[in-house]
Each structure stands twice: as structure tokens, then as C-alpha cells.
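Some notes on the structure that comes next.
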């Protein structure tokens, strides 16, 4: 194990950090104020496209992408500190074209897409000109167990016909979203893990209905959002199939490893920012005649946050390093550990920061409530805490 | 100590429980759907007025009020299980005219109001025809320390002139809100706890500006909301003063004891409902081939929730009982304990229930996210956890 | 529910509290110093017999006993505060003849013993002239599941012949221990819960071997101790059988309810004393120029301990009250809650008190280490936390 | 940062791991059984000297020592996995001459000792022929604040005369202990951090009294132990002074950094062994018809322990790495983090392992109780958790 990042990554990290501090953080109020004041909340604030253009111009673009042909070509360890920097703001990742679920969708296209699929969808996604969504979880079943998926993908001549009720399709309400990856069963009679397929569905295909945006703690996360969607006799060409019938679970597995660790890296940034805000606030706010930072309890919360963030950061880096050296499969335990530890840690640290900020910490004036919701969500997304805990324990029970 | 509630209260509890189950819980989707779909979110869903009328007709009205001349005349212990029942739904308390901050404001008027003040504002508040807000905390200072308040109340002839910047004025954006209780300093040179006054301010007084609604985790809590407000040279008659100049801190103290314990009682109901939802969900949801309730970890979370809720309930009842027998001042330690324990307990239990519900638990489809936000807010409202912990410890340090 | 104790109990509580403060607490150093300095650690310090005589003379004797013919005749709720007082010292319960496992054993004899059995063993136990042990758990099996017991009780003419390997027979190494209650299977082919019997075994019966004293964190708990024991072809008269063959599980169940709640009551006293010691210490100890009590973190620990103890106390009282009103079976959930909550609470509070005392808190100079070991042990004794959590959750899953 | 250990260290780690597994772990029962059965508990079990000789013969000796002239010459990062292996057993470190407080005392002699001091005491300590103790903390004052030390060191002609009351002098009761490092004030009127000196005191100097062995949870930790000691007009030659008058605090600071991180490394090994024992036990123990490992709650405890240990290990390694690269002063924050996190983590993990082992887990039959006591002690030794938390927070408050 070596947790030494390359000098190239170190340089990129400094530049991303600087860009975040100089351009992104100061734009947050503009961004969210625009959405708040818009007649239609599902409109893109111009500032984000300006930031994207600037980041692209500076070469801070597609940094997540491990394939040099398509992006920065950094390995996971090198990407870790960059993702952490981006994660300091809810709007950070998009600025650098490094936001979920587009990164995962792009990777699927890079790894499994045909040339035609790549040209039509990967190219504009890489350029930040289009967005995408991933339609997997369903309201009717416990999606923590991916084999529960009930949507169907049925071959009919040169097409596939899709039916299903999906939700939490993050990014689907975004007006720029043009392509969906849809997971469904093409053969419910096949062995459990080869019943599923994934297929590309253009957003404007007849039969695709965006029923409503879902909220997280009452926040609709506009203008990206999380959609509930109906797929009713949606017909797409057979050429839209990804990798082949029955390969859906396999694609999902390959997609989730990096996705999970990217979320963790970003959440470390979220927690770190919350900690810094907590410190700044504690020093400036006076109660009962002295700064809050003079209260031992606040100092203890700062200290524990420092310890927990540093441990989480090291763990995520260790997972990234093992992914790079031995592959995602060998790194499975460390990825699970990071997925178990980091979102809960971030939730806890941000909750403390909120407490130090008083009621304002819960409001739209600070970014803490948004970061809290992000952390809370990731305790469920890509597998709830409990599923990863159980899987990890089962691995370890085999070891001794 | 006896935690035996009276037979009258027992009967009321059964009726409130039945009313909640039969009328209020089933109306939640209607209520929130109305707000969601309204052109103007600050419009009152008709269902709530229907429910109020029905509750009033059934005599389930102003149950919170300890004075028989004005309401049910129950003591705190007897009110505890009723408030718990109401707290099972975010919209529950209003149905019975038992919602904050109106209850606290009504109590202030009952205890300290002149006959004219009572007639003008208490009567319609008691009838549920008007709503009110309480303008105390300010964005510029740490309001956990009430002596930090900077707003001013200056005598000018037969009037007082008010200036100040307030926020978290809960209920002020409600279109039915007509009266505010405003806290400010009339004499910054006086001893620390007699600098403040409270005064009644009609909502439509010139100079009163509702700047914007504040959000909690992105939720604006429409149609009641939490306002940021500006008071610029607001002129009100001297007759609007409550109790007298310099008595503001005294009123605040008297108002907060019952207010805090009412919040606790309601949050016990919130947590209890979350527990019941967790149980129901765990039994019906299947993952990895069996109901989630077959997972030991879920059962442990249920068991710990049962224990924590029951302990919190007993603590809140013990505090109520002591308030009844020995007065709020003697019950100070127990009130502080309840205020420290209950909101954190409720946040934890609801968080577990969310986890068992999967991502849906965070959405508008279940009430969990709203209850979570309520619990989280009360960890800050009426004094943050840390302030109560410190005050409690200081009392105990004197004991031994 | 009423948590009002009787005036008789209130009076006894005051007298026990006074006795503890005046006689028992000051005798601790004498007691443990005697054991430490004794040539044979399994010798009874004279002070304990003096204290017993004094308590007996004052009528503070067998207060635990709910049957007026044999003892104080208090119900569980009335006994709660008395047991709490006794639990302030490891040597407290014995002084009042209220110590485990003798109380449980006496209750078994009262409820199920023949006249002859009572005369021979109950009478001297009630007089404090003899001690007893309970031989149930076995090193070879998980005794959290009582049906795992492998020891055998085989009828042979007018006798039973016993074989088995037992451990954690608390009190067996006490030189005054003369009688054992032995649990074993008389019919392994019977239905699961009627395979077991309990039988009385005089300590000096041939074949009974006290293999060695077990330690808890290295402490042998002399002069009472916890024995590992071998029973090899131990022959006792058939008249020693309790209640009848196959009734062992039934007796165990009846014995455990009160036993568990008594442990909880005592542990509340242990935690309360630790809290008081923590407070006293924090006020008197100076670090970095001020008393430790000036540190906010210490005050927070005090406050949280106050809250946790009070909640635990109310829970144990609520369980006791329900046992009194509706019987042990109906009170099962509340007993389980208390058993889950109280030992862990006590362990946590005492751990904090140790931390405030510095390394001395771990030593023999304070009673904290002994109380910690007691609390930690009870998280396993009479069913580990996890077993009670699971049983409680299963009950609640049936409710909704 | 690179957490890559050298190939030399990797090889040593494998050899130490093998030695522990083959020789040390199997010798634990022999070792502790010898002490238990000895007429005088303060006698050295022969097995330990045999193990030491074997380890020395295999070149596994003084591995802790960073100076190639005296020992293995490994840096902190390289030593981390070795110390972890040793920490798997309470008797592990001594086998490799890597036990506290001797390592710290040897380092003091290496860094600050005169040639004569080295020859007389360092040489036999390095050879494992003698043991030493460190006399710093005092019962009368809060020693978490080292400036509280009240013992005196007064120059008198060619001698110093020492007076003081010390305790927790670990290793002093060991019959092989021949030399003490004594901390006291030589000039109470000097600035706060140069009042103290450290001086060498042969054990047999007149006036040195070992008052009694202190216990931790009732365990006297024989045959090494922790002594309470009296120094009454103890006269030692001036040549015994270390470094010079007023340099005591400086020596203490230099001594503590590596000492703290060594404790952390060892405790990671303790926790790791507890985890492995927990896993093995869970698989083999049957309750309610299935192995305990089939219980989800046990699996969750295993998973959380895996996560917490791995995070703690990475943190300790990161601290070690920074000590190596930038020096102990620059690594101060990371050392503090490790000291805050690791002992509490170990206590928690071992507590879980005890719970899975049932009552046996508290007994002398498993090593868990001893490892628990070690972890609990280190939460106080070398500065209690709270002191490090506060110091860490103060550093971070300066950063932003």
C-alpha cells in the first residue's frame, strides 16, 4: 500500500481547490437563488454553464475518467483528493463534469458501448452538453436487493419493449437529460443474476413519463432532481441493448464500485467543509459572553470531527489504492468499509456543524442542510449501510 | 411522583387517538398534495379547516390550555398523552388548536394580557380564526443566549417604535397570521435580564416586512413557514406592551417551560409513529428472500427504539408531573432533561425508520422526513442541546 | 401506572439510605482491605457480619422479600428505591440479606420448596446464616439459550444421580455456602422446555468439586466468587427435587423476572453513586489552572449521566409497577427493556466517572472499578443484551 | 504520504507474526497460570525468559529502537506492523524487549544519557536483563497536567535529595526492576515548563518504598504491576541527573510522542485479535439452534469492528509516517488523533468480543479481559482522551 498521489494529481488538486475557492463556492448563492426565484424551478442557472466552460478551458474536465482516451486518465487514488475538493459544494462536481450519475453512465458507455452508442451519447456527455439518468430502483420492491427488479425488457422484432415503474432516477428531471439507462428483466426464468439487462432509452421515446419529482427532506433538488418514472410499452431499437441480454447485473456490479468510492471521496470534502465552517463559526459567534469556541463541548466536537474525517479519508484512499493495484474485486472489502463508514461520518459531522450554526444551519443560507441531505441519501443509495455491513461480515467470517 | 393520568384525560386521549387515526392521518396526503399543487404555496388547504371544525365540534379543542376558563383545564401530566397523539402527524396539533407558537402566545396573553389585548387577539386565537408568531431570534447574534437580542423598542409619546431584524418567526408567513409578539430591548443600560420587553405588533403595521421564508433542509414548511422579518420604525400603541417595560425576559422564561415540554410530548408521538411505521414496513418488505423483519439488525433497531421511546415518555411525564405538583421552577431539571433527551431520541428513531424505508423514507411519500426535520429543529429551538446540558450540569454540581 | 411508592417504603428507603451512608460506605475499605490482606482470600471479613447484625437489629432485613410471612412484604415498586440504595456499594446488598443469588434461591424455596426443604435451607438463608449458589450455566454451551444445558439428573432408586460441568456459580466459593440449586436434564427426549429439572445439592455432597474460582477482569470477587464446578456421580435424595421432574425451565423463568429487575435497581444505585463521585471529584480536582468541573466536556458528561440515570430509574420503576399490577408475564416487555437499558447505562456512566477520576478510578482505591465490573457482568448474566433485544423486538413485531 | 513499509520491515513482520502464533500465544496459559499458582505472585514465570531468549536468538529483539547502534533501526512506519503483532498478547511486547515503560526509558537514556549512565543501565536494559520504571504521576494532583507534579529534587552537595509520593509506576514491582526515572521539581519558582527535572534512581536506594501494588479492575498485573511509591529523603549522586536541571518537561515531551504511538500500534493488534476471536467464536457457538454468526447483530458487530480497526490502523500508520518524514512536532496532530481514537476503538471492539464470548469472555480463560483493561488504561495513560481532544481542537481553531 502506498497512499502517495502522483505529482500530476497533486497539481490538479491544487488547481481544483483553487477553482472551487475562487469560483464555485462564491457562486453557490447565485445558483440556488436563481432556482429559488425561477418561475420554473427546472431551469438551469446560467452560472453553472459559465463555470463549466471556465473549468473546461482550464483543463479541469472529466477528471474522474480513468481512460486517457476520454479524460484525465487518473487512477482512483489520484482522483481521490480531486473528488474531495469538488465535494465541498453540492454544485462542485457538475462544474468539472464529474457528477453522478453521468460519470457512471459514461463509464458504462466507455466499457460496454458500441461505436454508434458512444457517438450518439458518450460524446455529448463527455462534452457536458447533455445529461443522463439511471433507472434502476422501483417503488414496489426493496431495491437494496437488485434481483428484486420487476421491470421488463422484451424482445419484439428489431426492438425491445420496456415496461416498468421506476423511481429515484436522479437527474431525469434536468431539462438537459436526453438519455436513460434502464434496467429490467428480459428473462425472469433465467438464473438469478443473469435475468437482467440494461438498455439505452432516449428521454423523448413515447411511453416514457416523468411522473413527478421526488423530494429529499422536502427538497426537490431542482433543477436536477430525482424522478419517479413510468415506462409503458416503450419501444427502442435492439441496437440500444448494452453488452447483451442478461448482462445487466454484471454491468451494475462493474458500475457500482467506482461510483461508491466517488461518493465517499466527495462526502469527505463535504464533511471537511462542514468542519471548517464549524470552526469559523465557533470563533466568530458569541454566546454567554465568549466565543462558542471557548466552550469545551464545541472543541470536543471539532476534535472528534477532525479524527473521523481523517480516518475516513485514509480509508477511502486505501480503498482507491487497492482498486488501482489489485482491481475492484480484490478491493471489495475496502470499498464496502468506505461505503459503510463515510456517509455516516459525513452525516454526523455535518449534523454537528449545523448545531454550532444554530437554526441558520438548517436553512438555505448555509450549504450544510444540502450537504446533510446528500450524506443521508448516500447511506441508502448504492446499497444501504446494513447490506454492506452484512456483506463485509460474511467475507470476514470466511477468513478465520 | 405519580404518573397516573386522570380518567378525564384517559378518555380524551382515546378520543384524540381515534380522531388522529380516523381523520388526521388519512388527510396528510390531501393536505401536503394541496400545498404541492397550489399556485401559491402560502394558501391554506381546506382540509385543515374542515378537520379543525370537526375537532372543535367534538370538544377536542384547546386541550393544551391549563386554565378552565379558556380551555380544557388539564394539567401537564394529563395533557402529555394527548400531545403525544397529536405529535404523530405534523398537521395534528393545528387540528386541535394546540400548535406552536400559538399556544405559547395565547398563554402569554392569558397570563399577562390586558382585557383589551385579550379581546382583540386572544379570543380569535382561541377560536382558531387567527394565527400568531413570536419574533425573538435574530440572525446577527447567537440567540441561544437570549440576552443577545439587539432589536429595540423605544418609547415615543403614546407609542413604541420598534426596529430589528428577526428570523425563524414560525407561522408568520401563514396568511392567517395577524399578530406578532416582538421581543426587543427597551433599555440596554439596565441590568442584563431586565433590558428586554415584549410587545404586540399587528401583522399589517407599516414597517413590518416579511423578507423571505426560511427553509429547513430545503423545505419551506408552507403554508405556515418560518419567516425572516424586518422591523423598520414600526410604530405601535403603548397599550400593546405586555406586562410592562423590562419584563420581556421574565415572560420568555415563563413561556418556555411548558413550550419545551409540549414539544417533547409531541416528539414522543412522532417517534412512536416512526417506530410503528418501521415495524409495519419491516414485516412487509422482502429483501434477499425474506422480510426485512427477519434481519436481526432491524430487530435490534426496533428494540432499541422501543426502549428509548418508553424512557423518553416516562421522563417527559415525570417532568410534567413535577411541574404540576411543584411548579415549573422546581421542575427545571426535569424539563431540561426532557429537552436534552427527547429531540435527539426522536431524531435517532426517525432516522432508523427512514433507513428501513429505503430512499422512499426520505421522500414526500411518507411523513418521516417531515418528522425528522421537526425533531432536528427542536434540538435547536428553545435553546440548543448544549445549553440545556450545561445548565443541568451546573445545577447538579451544586448538589453534591 | 402510578410510580408512587408507599409511605412505608419511603420510610424504609430513608433508613436504608442513612444506614448505607453511615455504616456501609465507610466500611468498604475495611472490607476489601481485609480480603486483600488475608492469608486466605476466601475468608469472611468480620465487618460484614457486624453490619448484617446491625441491619437485622434495625429491621432492615430481607427487604427484598415480597411475602410478609418471610420478609418485608413489599411489592416490586416499593422495593425499587431500597435496592437502589443498596446498589450504591458492592457490599451493600449482603448487609440487608438482599444479595443475589440468595434472594432468587430463597424465592424458589418459598414458592416451590417442601416444608422439609424450607426448614433445612430456607430458614438459615433467611437468617443470613448460610449462603447458596445457583448452578446453571456450562462452559461447553451457549447458556444464553437455557435449553442448551447438558448436565444430567438421573433417577436411581430413591436418589437422583447428577453429572455435569458448571461455571459461574456465584457465591459457591464463599465458605458459608452450604446449598446449591442445580439445573440439569432429566429427560433429553422430552419436549424442549420440560427436559430440565432443578434439584437441591448440599455443598458437601461427595462428587461436588469446586474446580477453581473464575475471575472478572482479573478480580476473583473473593470471598464470594464465581466457581467452576464439577458434578461427578453426585447422589442426592429424591426429596431434594424442586417442584417435580421437568419443571426446571418453569422455575428458571419464574426466578428470572424479579432477579433481573433487582439487578437493574441496584445498578441504578451504582450509577448514581458513580455520578455523585464524578461530581465531587470534578469540583475538587484542578488541572490546567481550574477545577475539572470548569471543563464543558466534563459538565456534558455529568448532564448526560443525570439524564440517563433518571430515565433508567423511571423505566425500572415502570417495570416494577407493572409487575405488581399485572404480573411478571404482562410486564415482560418492560422487564426486557430495563434489562437491555440499565446495565449498559450503568457501564457507560461508571466509565465516565472512571475517566474523571484518572487512573485512580481504575484502582482499588475507589469503588468504581468494582461497580463497572458488576455492570459489565449483568450485560451477560440472566441473558445477554442481544437476546433480550431480540425477544422484545419479536413481541413488538406482533403488535402492529 | 506513503504508507508503504520497507521490505525489511515486511520480512520482520512476517517473522514476528509467526513467532507470536507459534510461541507466544500458546504460552499465555502457562504464563498466567504460573502467576496464579505462585506462592509469590511477584515472581517471573520461566516461560517468559525462554521466549525472550528464543526471540533474541532469532534476531527479533529491540525492534522498537530507531537507532541502528542500539537496535533494529526501523522508523516508526516500519515498526507499526511489528508492534501490532506484539500487541496481540499482553505478554507479547516483553518477549521482544519492546515493552513499556522500558522502551521509553531506554530511549531517554539513548538520547540524553551520559556514557556512564548508559553503561550502567542502558546496556542491561537493552539486553533484557533488567527492567525499569517511570515515576511521574502522583495521587495528590491531576497528572493529566504534568505541571502539577509536586515531588521535589533538591541539590545538596554532590547529591540530589528526592521527596515525593508517586503512583502508577508501572513495572516497579517487577523483581527485575532496578532503575527508576523520577520526575520532580527542582525549582518551583521557575517558569512553568522548566521547573521539572528527571533523575535516575536505583531501586535499592534508601528511602525508596514500594507502598503497594495498584490494581486495574482488581487485577494487580503481576508480576510487573503498577506501584504506589514513597520517596523520602532519597539521596542520589548528582551524576544521575538526566540532561540537566529544568529539562524534565522537555524530556517528557520527547518521550511521549513515540510512546503514545507505540501504545496505539499495540492496541490495534489487541483489537484485531479480539475481532478474530469474535469471529471464531461466533462460528462455533450455537444458540437457539444455529451458530451465533447467523445472527445479523453479531455480523454487524463484526463488520463495524473491521471498519474501525482498519481506520485506526491507517491513522496510526499515517501518524508514524509523518513522524518519520517531518518529525514528532509536525506530526503532533496525527499523534493526538491516534491517541484519541485508538484506545477507545480497542475498548469498544474488545467489549463486543467479550459479549460474543458470554461470561467466559470476562474470565481469565480468554485474554479479552486483560486486553480490555489495557485499552481502558491507555485512555488515561499519557494524557486522558479529553486532554488530547482539547489540544487537537485548539490547533485546528488556529488553522481557519
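Of note:
So that you can tell them apart, the chains are marked A, B, C and D in the order they are listed, and the count of residues begins at 1 in each.
Everything that follows uses one rule, which is that a contact is a pair of C-beta atoms (placed from the backbone, for glycine too) under 8 Å apart; a residue touches a chain by one contact, two chains touch by 3 or more.
Quick caveat: nothing in here was measured; it's all calculated off a predicted structure.
Relative to chain D, the chain whose mean Cα position lies farthest away is B.
Counting C-beta pairs in contact across A-C and across A-B shows that the higher total falls to A-B.
Distance between chain centres (mean CA atoms), chain A to chain B: 36 Å.
With centres taken as mean Cα positions, chain C sits 53 Å from chain A.
Contact of a single residue of chain A with at least two other chains is seen at positions 295-300, 386, 389-390. Listed in rising order, the residues of chain A touching chain C in the complex are 295-300. Residues 1-4, 275-276, 279-280, 282-283, 293, 296, 299-300, 302-304, 306-307, 310-312, 314-315, 318, 333-334, 337, 340-341, 386, 388-390, 392-394, 396-397, 399-400 of chain A touch chain D in their complex. Partner chain D is touched in their complex by these residues of chain C: 137, 139, 141-145, 148, 167-168, 214-221, 285-288, 292, 295, 297-298, 354-355, 358-365, 369-370, 372-373, 376-377, 379-381, 384-387, 389-390.
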